[in-house]
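Can you read through this structure? Questions will come right after.
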Amino acid sequence: MAILKTEGLTYTYSAGTPFEKTAVDHVDLCIEENTMIGVIGHTGSGKSTLMQHFNGLLQPTSGKIFLENQDIWADKSRLRDVRFQVGLVFQYPEYQLFEETVFKDIAFGPRNMGLGEEEIKTRVLETAAMLGMERELLERSPFALSGGQKRRAAIAGVMAMRPKVLILDEPCAGLDPKGRNLMLSQIREYQKKTQSTVLLVSHSMEDVAEFTQKLLVMSKAKLFCYEDTNQVFRRADELRQLGLRVPQIASVMQALRKKGMPLPEDLYTVESAREALLTLLRKEETPC
Amino acid sequence: MEKIIKAEHLVFRYPADTEENQKPAENPAVLKDVSLEIEKGSFTAVLGHNGSGKSTFAKHINAILLPESGKMFVDGLDTSDETLLFEIRQKAGMVFQNPDNQIVATIVEEDVAFAPENLGVPPDEIRQRVDDALKAVNMYEYRNHAPTQLSGGQKQRVAIAGVIAMQPECIILDEPTAMLDPQGRQEVMQTIRKLNREQGITVVLITHYMEEAALADRIVVIDDGTVILDDVPKKVFSQVDKMKELGLDVPQVTELAWELKKAGYPISTEIITEEECLQAIENLYHER
Amino acid sequence: MLKDITLGQYFPIDSVLHRLDPRFKIINTMLFIIMLFSGNHYLTLVIGAVFVVMAQMLSKVPLKMSWKSLKPLLPVLVFTAVLNLVFIDTGNTLWEWRFLKITEGGINTSIFMICRIILLIVGSSLLTYTTSPILLTDAMESLMSPLKKINFPVHEMAMMMSIALRFIPTLLEETDKIMSAQKARGAMLDNGKLMERVKAMVPILVPLFVSAFRRAEELATAMECRCYRGGEGRTRLRQLKAAKRDYISLIICLLFLALTVTINIIFS
């Protein structure tokens, strides 16, 4: 079932002035529930603007957005509720921390939702555990944490609202490789546990290749495609034309196929390539 | 070859800020005996996870931090000698992660002029240096723009120009691409390589991105305040299990080659580019 | 949105007024203000008006811009007019109701005051329209440099001003971002009682201050790395040099001032 739907969604900045710019141009999308989705595109491709429409921070110039088949702009008093249902984590979210303790900061969203103290506590503890934050950490000041832990505290603040859709804008920016992998695994864990839809905005093709089921590609304000991840990387040449990178493995496998090696088309991670190559090399061995 | 940077047994710990930290056990050294020599005109990448001590090491090069014990020499000058401070900072320029927080002036050329102004360079020569520096980073046509109008990659190039205008022997870049999009990263990397090759400026690049480190002449891996690996990129990356143990990544193609070798196939693990990988797998396939 | 606020009113075109040395522009503006406030006859206002119209034409700044600088101050104008109208009690009484009394003198003074303020605003905003903030700062530093002798930190003040100018847009953008982020967590920013609104600012202000301090620290390190050590021994890329036209502009302003003073003496 579709959780988010857009029809002809268009957004124009500074309409009517010389600086007029269409950031999102007639986007029709139908996003399913319980999926992990990667969102890729250049800076300025309109992906961030599109994401801010999903939770009603921006109002489309024309076109509609539906959350569970309800037009989110039909009744403006419901807008706040939409923001609880579609959680949005901005880039470098640690810069929004403000409370005295990590616990209170994570509880800020749930408290704004008007939940009871017990429920708030359960959610904060559950979410912190999912992100691997120890309990004693929750009583500390958020400003005393390490960079990675601050980031987790901020993300937990949105996750604790248990949104049906969670949008994360570059959650791994600035983290080291180990931190990046851990963060992405924890986000995937969260997605599985809550059966929600997670949209992961990222510049790293390797990351989206490994962690997402579907990819949403934006280019020049338009939706380039919204398909299963393995389908998208088959179109490596088109992606390169858009100026987007392709995972190294996808490139190499494509080149090998062009040279006549019988390899499947949907190889874009190290593991899948290894399996395929080992199978192929073994097969070649047997006739000798 | 002449050594531009010479670190001898550097030990450093941050001053204790609380009582608990007074005990040595609570406040371990960030640098534990780092010795390193860097050749004039070389391009060295420094890798290590967050908190490994690599940024702390970088800050020793231009005397922002002074070692607890051990010595640091820049072009033969001892950084602990206060009278040499400005001479050292002029010789070893530093570029930081966040371009927004290192641009001082409201106009690009004014910012590039900042360091020469501080050094008391005559106005005519400042003009010349500013123009040259902006041309070197390919930002000359933006000289009259406000920094806020520029993209992240452009801002970072202005920051590099601001350092080049001091006519340094060496530039140290502390994760200069961490906050940039892929295009900005590419712009900055091209600029760094150009400065290294064409003007012979020694480059020390601290980064999390393996594909950037792969472009260097030499990679130094720092972990827990000590130098763990120090070799050409191919040799460093070929130690896939060691790198993973340190929480670092290797290029996907290196990992694939290493996996194939582990499965018993005769393939070199000193592979860091897509072309090398393609070639090696093809050979493997045809030799069967 | 906060981003839309234009900062510094600089209107970047080329004109004689734009090319004038900023130091002279500041002095001229001060002379103009003295001229307006020393005049106490309608004729001096006419002279002021001639001066403003002339300057406006030389600056090539569209009239629309002057209106833009005037508009937000309209309430102040109305307030001044009403105050003068009601409280000045000289000449014939024209209208009276309980304690309210409007006199000829009151009407006279309010018209005079309104004209004077309009001229003041339109005239002095030309300074900011034709001079970029950075040049203004440079000029202030240069004009105030004699104060260095009494150990007044002139260079430091100028540096602080230019850094503030540099960071205001950055911090506004950041405020926008933090507001969006807190809104996404259900913060209510635009409604509620006064106390609630003040409380609702905490999630915005705390992160903003934390970030401003972090930026300040990083900027200080970056400045040190680029050999900053205060104003001593510092040279400048841009040298302020007075040209013939600057002296001419100064002479014109002095002439206008002299004319105003003469009229005052004749008609007093």
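Just so it is clear, A, B and C label the chains in written order, and each chain counts residues from 1 on its own.
Rule of thumb we're sticking to: contacts are C-beta pairs under 8 Å (C-beta built on N, C-alpha and C of every residue); 3 or more make two chains touch, one makes a residue touch a chain.
Since this is a predicted model, take the numbers as computed values, not measurements.
Distance from the centre of subunit B peaks at C, each centre being the average of the chain's Cα atoms. For the pairs A-C and B-C, the larger set of C-beta contacts lies at B-C. Centres computed as Cα averages put subunit A at a distance of 30 Å from subunit B.
The distance from the centre of subunit A to the centre of subunit C, each centre being the mean of the chain's C-alpha atoms, comes to 46 Å.
Mean C-alpha position of subunit B lies 44 Å from that of subunit C. Under the contact definition stated at the top, not a single residue of subunit A touches 2 or more other chains. Not a single residue position of subunit C touches two or more of the other chains. Counting partner chains per residue, subunit B shows two or more touched chains at no residue at all.
Those residues of subunit A lying in contact with subunit C across their complex are 52, 55, 57, 80, 83-84, 87-90, 93, 95-98, 108-109, 112-113, 143, 157-158, 161.
Listed in rising order, the residues of subunit A touching subunit B in the complex are 42-43, 146-148, 173-179, 203, 206, 243, 245, 247-249, 251-252, 255-256, 259, 261, 270, 273-274, 277-278, 280-281, 284-285, 288. For subunit C in complex with subunit A, the residues that touch the partner chain are 174, 177-178, 180-188, 202-203, 206-207, 210-211.
Contacts from subunit B toward subunit C in the complex involve residues 62, 64, 86, 89-90, 93-94, 96, 98, 100-107, 109-110, 113-123, 126-127, 130, 146-148, 162-163, 166. On the side of subunit C, the complex with subunit B involves touching residues 132-134, 162-163, 165-166, 169-170, 173, 214-215, 218-219, 221-229, 233-239.
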